[in-house]
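Presented below are the structures under discussion, each in the form of structure tokens.
Here come two complexes built around chain A, the first alongside chain B, the second alongside chain C.
What follows is the complex of A and B.
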């Protein structure tokens, strides 16, 4: 398998709309900040302090939904779309289908995310976790995903000969994301009810992670890690195992979100088994990435973007290991409904995928703006505060979840489980504020970098002659 | 196949997704096809009607502002109450979803972790086969208690005060306040407030054991009601005393819907 670097062929400035990549990153970071504010508001509410008891539009319950949705559709989606605009034309040697369509998608997606947030704040949520998007926005979002699939699918389909690993993931993810969104937002609302709707809802939450975020994330890793290491992946066979294992086992697990519900037991066991099976697949992927480091292990400490990537990979290993354990009926009896799950979710969404996207931004922003970061030291601070804050939060919530579970099983009065949780919630808010401050620092760094960028100082022309260094 | 576009697109992209959808979504849907989905109107039962008319009596002005006056004719009034009750349930469910109640309160009792002792009977599929479970409200996290057996357990007055300012009744509760469901005071719920109260009282009202009280806690609480009066005395005047003394309509006999049509004596 050849390395993804493109030698001669078309000039990259004809392939990539770098301005658009940058816009996507700015949008992503904006939603990240908004989302984290929502998280902080809910975190403070758990400590019995609502700093903004002014209006129903600032209700912590509604902002909690903005928190999760802004991360999924605001931060992750925008980050990935920006990244795909950089990666897909490079790997397929073709620009996306239509640059005007790209601009339209960018604008339309921001409308979708913003109206989702507004709808949630108006109390219009749909009763589906991570799919709270009001029902009147769903068709719009669905159409947007179709356009995304067409725009990026075109250059990928046109590739002659074998495709690089990254494109397998992207091609599949374009289809999966569209199907997942349709399944989750329409089926339990209009087609099935009750327990069966629960099964679909479980599939939706799970597939959104597994068939949208995960393949996008791994596709990104398979592209950037070899470039930064200046060598191919260790094993092509393991790449194949990783992709096909994910494709087969991941969609089968949705029901493990609703164990011990009235959903038929054999389906619950099936979901548990495929979750454990996936853990072995994950192991092959981890081995492949660690194997790729062979002989240059120190690079993932000295090279900052690589450090983000391998931190994420480590967290990925941890979350998946945790997954294989917590999905068992024994664990579920104790930890379901507790903060353990919340800690797990933060470790996946922030520790893995957000760290990857942030690392990718750290790498790409100087190339997009044609200038070094305003402060490299701030980048290091951002890394440490983000990673440290996340470790604190995840560890704290996972531990707190155990105490909650035990207090419930012991039939303690309910308020005792709240009392027990308080210290953990207090630590969590500290961790959350730290993580928020890290993103503020990154955003400010980005702003200062943009200020000294030749793109801004000169004329903001789209076709810049300075070639990127990849 | 493993590296070809068609393999990835058709087998991995569509094939595996379809297989999972078939086995994990269509199978349960087919298995429960003999359980018909109830409409909201069919969900109005005697227990709920009692609570709904109780709302009309407790908050006559608010109720009148929200739903108008029932017809004079008892038979028509009977239908009118059923209709308004269904309407109230629908709005209530929308508020329950929109306010994110379901992110901190679950609606299912598991057969493990002593949950049937704390909450009541373990949840069954038929309980969820209705329009108000689109999408299903299983929930995801329990910061607060499970609510699937909440109906009838506490009076609507208790629920109203609790929604208005939770710490008055549950000291130390991290639950947010919902003053926008009221016109300034806990004894003045607005239309949304009445709807959410109806929805809360509906939860579990279909069950044989309604209203379900925590059996393990009752024995602990009963000897000390006097001591508990202290904090409760700070509640607004309209508040009924304590949860244990909730007017339990189904305790002796389940009221027939027809028997209730004379209940609304607003004037």
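What follows is the complex of A and C.
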């Protein structure tokens, strides 16, 4: 980012395909709703009620896989791709390699995600969490990720001189996601078996979070937070510590998902140590973002997108603290296989990354549609119901997990632990429905905003209006 | 003649001392564990299956190390806060141009 914008610098309209960014957001929210419906279906099954017993294709067990895959590849991937189409050209001052390729990738990615959902419902899942994508889709998804890396990698590597940390995160994520997907979907399927496949599976699950979602999310934060605060980050040097720390400490962590398994103890201890070491790196990132707030902390209350971002940052700190604790062998003995882990996963995926993407959409949609939100009040409702619902769900599952762990530790019969879990699962469904309704409200608000957009109404005189940020 | 405004490129002695204090035990520890890995690779079959994730990690780390060296050659650690300021100025400029067009 050594080149400042000059008289010859390209303009926004030449850099960013705003229409495509919007389409990605619509796709992301659609998959979010589908995914949450799957989660609600599974939540009801835990309460011993399957509302759709008419067909095996509507079995909650299959919809649970749609729930996790649609969030990862439908909501998060589409949200991040839309965001990158805005951020990368503006940071690199170059458009993506080919705008037609961008359109092709958009269409192809929706085919991949829809085919994955159909494949899962038809019972063609692979036996690996988050790697259930049917085998016939894997090569297509892998090719898609390669095209994404080429399309965005081109403007990034063309940047001369030292790069802003967001571009480092994105460049790494483009490579890491491609490699991680290949590792999880091809290596256990075709190359290794047994415990080695388990170890690789652990790496895949966690690397998908740490080497795809995390760098995309933090890259996004390092871009949007200074813009909304109207000042540069407190320390760019500290942000580079966070990036390189992630690069060197993260990849070995995944095996902490398989503590107390036949995987050799030196690998398990390696995963525990690198997880705890990463906490220090996380602290540098948190300090940097809190430091950036110095003197402007009240903006977090008055600026809604910032409020989403800092809520996510707070949840990120909590989840990482949890992570350092729960990967110790003593703690793991209590919470292994319990709902604590499910609560932790929801706090990471919804509390952190989904909140960030939703905050980013709250900021960008008025700029994309050239009009304010149809209802800003609904935006605030969306924030409070989403954050409140998530806090209820995560707190409920974390507490329920402890009760389950204590029940098993006391060697009580299995069905006793189920009885203990029921009240927690009942609260979970209430929280899930609340979070789902919040997303329905956001989607309807988006639709109504689009309806009053000058772009839809064909009022060209208003297309360069930059509305006030919510 | 060198401009007086240029930052002093000499690295302070304490930086070398801290660097050595961190790097020497780390390199020794890594070398020791790497020898263990080679012994496992040459040894019994039971331990050999652990090689897959280890090799995975070593390959990834080698990639990151190459990227770190690339970053050094690109001057990423020279004027370390400069990208943060230029990014911010570019953003303001792009928004100003959008508003004016």
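FYI, the second predicted complex is superposed on the first by the 450 of 470 C-alpha atoms of A that agree within 3 Å, B and C clash if a C-alpha of one lies under 4 Å from a C-alpha of the other, contacts with A are read in each partner's own complex, and residues count from 1 in each chain.
We take it that a contact is a pair of C-beta atoms (placed from the backbone, for glycine too) under 8 Å apart; a residue touches a chain by one contact, two chains touch by 3 or more.
Bear in mind the structure is a predicted one, so any value in this text is a computation, not a measurement.
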item	value
Fit-or-clash call for chain B and chain C when the two complexes are aligned on chain A	clash
Which superposed partner A:141 touches (first chain B, second chain C, both, neither)	neither
Contacts of A:65 with chain B and chain C, given as first, second, both or neither	first
Chain B versus chain C as contact partner of A:83, first or second or both or neither	neither
Broader residue contact with chain A after superposition on the shared chain, chain B or chain C	B
Touched partner set for A:227, first chain B, second chain C, both or neither	second
Which superposed partner A:237 touches (first chain B, second chain C, both, neither)	second
Partner chain(s) touched by A:12 [first = chain B, second = chain C, both, neither]	second
First, second, both or neither for A:91, with chain B first and chain C second	second
First, second, both or neither for A:129, with chain B first and chain C second	first
Against chain C, colliding segment of chain B, chosen among 20-28, 38-46 or 200-208	20-28
Shared chain A contacts, counted only where both chain B and chain C touch the same residue	162-163, 168, 172, 175, 179, 183, 187, 192, 194-196, 199-200, 202-203, 240, 244, 247-248, 251-252, 255, 263-264, 267
Touching residues on chain A, where the partner in the complex is chain C	1-5, 9, 11-13, 15, 90-91, 93, 161-166, 168, 172, 175, 179, 183, 187, 192, 194-196, 199-200, 202-203, 223, 226-227, 231-233, 235-237, 239-240, 244, 247-248, 251-252, 255, 263-264, 266-267, 464, 466
In the complex with chain A, residue positions of chain C that touch it	36, 47, 49-50, 52-54, 56-57, 60-61, 63-64, 67-68, 71, 74-91, 93-95, 97-99, 101
Touching residues on chain A, where the partner in the complex is chain B	45-48, 50, 53, 56, 59-62, 64-65, 122-129, 156-157, 159, 162-163, 168, 171-172, 174-176, 179-180, 183, 187-190, 192-203, 207, 211, 240, 243-244, 247-248, 251-252, 254-255, 257-258, 260-264, 267, 270-271, 332-334, 336-339, 341-342, 405, 408-411, 413-415, 418-419, 425
Residue ranges of chain B touching chain A (in the complex, touch as defined)	2-3, 5, 8-9, 11-14, 16-17, 19-21, 23-25, 27-29, 31-32, 35, 37, 93-95, 97-104, 106, 108, 110-115, 117-118, 123-125, 127-131, 133-145, 167, 170-174, 176-178, 180, 216-217
